[in-house]
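In what follows, chain A forms one complex with chain B and a second complex with chain C.
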Partner chain A sequence: MSQEIASSGWGRFRASSADFLHRKGVMGFLFTLPADIILLLLLAYPFVLGIWLSFTNTIIGRSGSFVGLSNYISLFHSNIFWLTAFNTVFYTCVAVFFKLILGFGLAIILNQDFKGKGLIRAIVLLPWIVPTALSAIAFWWIFDSNFSCINWLLLKIGLLKTPIDFLGNTINARLSVVLVNIWRGIPFFTIGLMAGLQTINQSLYEAADIDGATPWVKFKSITLPLIMPLLSVITTFSIIWTFADFQLIWILTRGGPDNATHIFGTLSFQRAIAGGHLGEGAAISAFIFPVLFISVLITSKYLKREN
Partner chain B sequence: MKQKAWTKFLRFYLPLGLFLLFLLFPFYWMFATTFKSDAELYNLKLNPFLIHHWSLVNLKHLFYQTPFLRWLWNTFFVAITSTLISLSTSLLAAYGIQRIRFKGSSMMGIGIFFCYLVPPTILFIPLATMVFKLHLWDSLWALSLIYPTFLIPFCTWLLMGYFNSIPKELEECAMMDGASRMWIFWRVIIPLSLPGILSAGIFAFTLSWNEYLYALTFISTSLKKTVSVGLVTELVRGDIYHWGPLMAGALFGSVPVALVYSFFVEYYVAGITGALKE
Partner chain C sequence: MAEVALHHVGKKYGDVQAVEDFTLTIQHGEFMVFVGPSGCGKTTTLRMIAGLEEITSGEILIDGRKVNHLPPKDRDIAMVFQNYALYPHMTVFDNMAFGLKLKKMPRDEIEQRVRQTAGMLGILDFLKRKPRELSGGQRQRVALGRAIVRTPKVYLFDEPLSNLDAKLRVQMRLELKKLHEKMNTTSIYVTHDQIEAMTMGDRIVVMKDGRIQQVGHPLEIYMHPRNRFVAGFIGSPTMNFIEGARIEKENGALFSVTKGMKLPIPKTHFEALAPYAGREIVLGVRPEDLSEGDDPNAPGAVKAYVEVVQPVGNQIYIDVKVGDRNLLAAISPQSAVKVKEEILLKARLENLHFFDPESEKALV
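This part shows the complex of A and B:
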């Protein structure tokens, strides 16, 4: 296509010294250059640098030397690392599952026509808009060991005899951080899926009604298949974001108690920035790569289909 | 008829109400805590869900005893500069990829999209060493330059979708008249895509306002911190949590983005859905 135009009359007409600049390849290259420079320098280069660092013993303030796989080997011998790997998978699976179910449910509710729909839809997005670090502070206070309002309510109405220690014991802390992640992630699923639901042709449902289909059958055989591509992309995004999460857990628990809520992001921050061991930290964050790789594969499948 | 109202309630209003309660309660809790005095906050005999005596003592603490306004300004500065950098470069890139259609342009489009999937958690360590070498450690400019790495992919993708909706004939006419690419870009494309530019800009602004990991890693001086980082480091001292001022800070740190968002909510929703549909 580009060749065609360049060699047509229009292209020859401009055959001058400026011709070079006006060739499509050169022109396109120049337009994308500023973005390319920033992304190459501050994204692609650090991406590679991070892999290199994971093979070195670099410490903050001192450049390290190549140590081969020794960072990885010491991680494999560390219980904290394996616990972190478990926590990351647990956190991702449970949170994404509930975000998907609840987000989809809310999308279906909001997809009906009712008064104040625009306003409700706008309000529903708030957990997604507001800085996560700040809402995490609010949850930190909601989960406070002495003054939790949830405990106050449950004790008052007699559902509890002793207060729940939300962030103080391992199982509760894990569930609490998952809950906050779900809270934050529902709106993304809801708004994304609502957009998909609106594109479904209503006549399909009308035809199904004539055939006497139940709501479940309509959902299973019309809604779900048609929304599947979009749902897959949204879920993939959510998986990579949740797997590589950091701020929410760092504020609520800092990975504690007893490393029960450490995920790859928080452990690598603790080792690299708080502890100064950049090489070891880089090795920990390298374990995010496989999930990143899989999400790239999945999204590219759908991108190609669209094209 | 009565039966129908009940099913409507059970199927629609009840679940919707529960969702709203769950999603909005933390904001109410920030608000309620902000306007209570310590005496009321730590009195378990009082119903914590109500404000019994309104008090401004937490706001006084936040605004007079912490550099909160300075943090707001820092966050604002970084959000504006990184948004401007990202918008201008993304506009050019999106136009180049979507409209000039040179060899490899679609590959480049997909490549830029994948950049959006790369999470900050795998970049912050190498970036920390780079920031140090570039003498940008503890400087807000480090954030202004690094935030575009996640803003550009998003904005470019969104704007590509938008440019796609502008009829090609407009450009071809201008080209027939001998207009240059730059002229067309500036005089035809930009004015026609203002709504798209606006949603990309709002998105970029909220995304950088919300960033936490880079700001936590690269900034160490209290006066240079952003809101989310500054609050926790200044208002939690060892075991002492100043919950009142903390909640006031969370509330007032959220208000600017919530305001920007509320004015342009349609563009914002269009942004998410547009980016997903592409």
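This part shows the complex of A and C:
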């Protein structure tokens, strides 16, 4: 008798727990739980910790205390911080602009039918595949004040009288790091946009040919509007990566000369890790977040409207 | 006058001859249909006329003017594509107006023309919508509208109905035909569907392997196919081909004889078939030329054994065994035919087809 009650109780428990599990929210939550935990540990925790640190005066080896907004206030009064902000915006705007124009142009060229296009497409991808640290070191040599191969060549053919100081002069250094970033980032645009171009139905261009469209009209009225959603996503990604760049500049200039190439990533690293001021470093890196958040917001708004 | 003339037109892709020695004149106002199995070169030919494909040899004339190297926009043609090729990001109005805008037509004239055409096609209410918000049939109308609004000299249709469901296809077929009657513009229509070809074409070009097999009015092609391929391609269900039938001469009369079947040949064919007496030919009988008979001694009577019965409403298709061969017959729906029973069929002798077994050419 008692056994019967127990077994029916167990049966009821099993039935009700199965019901519970089969509810839409519950099952979905359980399936995403492992991913949620990973995200919490690796993204949310460091992010929140960074924000917290920015409100403290922590330095390496000593846990600090809460200091409110004082890190932010002192940054606002720092010339280097404002120079860095300018550098970051300059670096991002110029580099992304040229990556977009050149990458798109290359995508359109490589999308044509010609002999050996497979090989050329593979070669275009190279700057993207090579680890940034390695390509940055290669460029460090190319731009070296004594051993630069560009200088050597230009001097040899007589186009230069004195060598160019690529990384030692503020303007040259800024342009040099932007150039390397462009070189590295073009393939991302090219490959991404080429994939997009290939999804555009060829018969649209044929219909436009019959309608009497010139190549420019076809680009403006068909290619551009149809590639726009993809283009905006790719551009957003590029903005994020360029804005939050670090390794390329750190290897080439370490933010110099005279802080002319410091961007948020490098300045934050210099203050927090090299200088030991974790609180101040965290406050600098916190400035990266709102800009990226806004650019993602704009893109997703645009995509929603398009679709 | 917009006459389209092709003289010995050829197209080669590398070593592959896609179209060969294509010579045809399409009269002003004619509705010409190119039909054939996939890969026969019909679409390639259409695209060469449109200027979307370079021609390798020969010449194309539109309205008496050689257009071999003229870009599509200067040929005064409009094309309706199989997948409609509507600009997905533009509204229906903009889709239809695109070509007119490029021609720098005044705004109010564009507006008036688009509205008039849209009214004719019953798509006035959709002018502000984008193609993805339309059904297949509506998109098809927009594609048509985009072609019509330009009032070209020649319309080119590349299988425009093949993406529609069967019912809509029949309806659009009718509408296209009505439109053509109304506008009377030279039209070239490509399809792989022989029923579409038969019902729509003033004339039909049957193609195979890049070559014209036959050109003619639909019924002419149906009644007098020039070779075995055309005979098999045009007509539904497909013609029965009886290989190894012999022509035999008896008392001055000719018969085509095969196991279980001895069909007298009409006198009108004697002259053409007399040289084949004693030889094997391929006999062609359309399913609809086999009906149920009542007199086993009548000329053309054939005893058959019914294997499959397929009623389709207006007819019954029966698969029968005659001797050692299977034939398809399309008989009256009133028939009480049953599976696994004998049936007496009667062949319409004047409609028999005879083909040379080697050249496959029609003999009469």
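Rule of thumb we're sticking to: the second predicted complex is superposed on the first by the 268 of 307 C-alpha atoms of A that agree within 3 Å, B and C clash if a C-alpha of one lies under 4 Å from a C-alpha of the other, contacts with A are read in each partner's own complex, and residues count from 1 in each chain.
In this text, a residue touches a chain if its C-beta (ideal position, glycine included) is under 8 Å from a C-beta of that chain, and two chains touch if they have at least 3 such contacts.
Because the structure is predicted, anything quoted here is derived from the model rather than measured.
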Task = Please tell me, clash or fit, for chain B and chain C sharing chain A in the overlay.
result = fit
Key: After the two structures are overlaid on chain A, angle v-u-w for chain B, chain A, chain C in degrees (C-alpha centres, nearest 10)   = 80
Inquiry  = Is A:Asn79 touching anything from chain B or chain C once the two structures are fitted on A? First, second, both or neither.
reply    = neither
Message = Which partner chains sit in contact with A:Pro187 here, chain B, chain C, both or neither? Use first/second/both/neither.
response = first
Request  = May I ask you to decide whether A:Asn201 touches chain B, chain C, both, or neither, giving the answer as first, second, both or neither?
outcome  = second
Inquiry  = Tell me the contact category for A:Leu303 with respect to chain B and chain C: first, second, both or neither.
reply    = first
Task = Figure out whether A:Ser65 sits in contact with chain B (first) or chain C (second), or with both, or with neither.
result = neither
Task = For A:Phe29, select first, second, both or neither according to whether it touches chain B, chain C, the two together, or no partner.
result = first
Request  = Please provide the least distance in Å between a C-alpha atom of chain B and a C-alpha atom of chain C in the combined superposition.
outcome  = 14
Task = Spell out the residues on chain A that touch chain C in their complex, using ranges where they run on.
result = 201, 203-204, 206-213, 217, 221-222, 225-226
Ask   = Which of the residues in chain B come into contact with chain A in the complex?
value = 12, 15-16, 19-20, 22-24, 26-27, 29-30, 33, 41-42, 44, 48-49, 85, 88-90, 92-93, 95-97, 100-103, 105-106, 108, 110, 112-115, 117-130, 145-146, 148-149, 152-153, 156, 181, 185, 206, 209-210, 212-213, 216-217, 227-229, 231-232, 241, 243, 246-247, 249-250, 253-254, 257-258, 261-262, 265, 268-269, 272-273, 276-278
Query = In their complex, what parts of chain C are in touch with chain A?
reply = 50-52, 71-73, 77-79, 81-83, 85, 87-89, 98-99, 102-103, 146, 150
Chain B-facing residues of chain A, complex = 1-2, 22, 24-25, 27-36, 38-39, 42-43, 45-47, 49-50, 53, 58, 102, 105-106, 109-110, 112, 114, 118, 120-127, 129-135, 137-139, 141-142, 144, 147, 149, 152-153, 183, 186-188, 191-192, 194-196, 230, 233-234, 237, 240-241, 243-247, 250-251, 264-265, 268-269, 272-273, 278, 281-282, 285-286, 288-289, 292, 295-296, 299-300, 303, 306-307
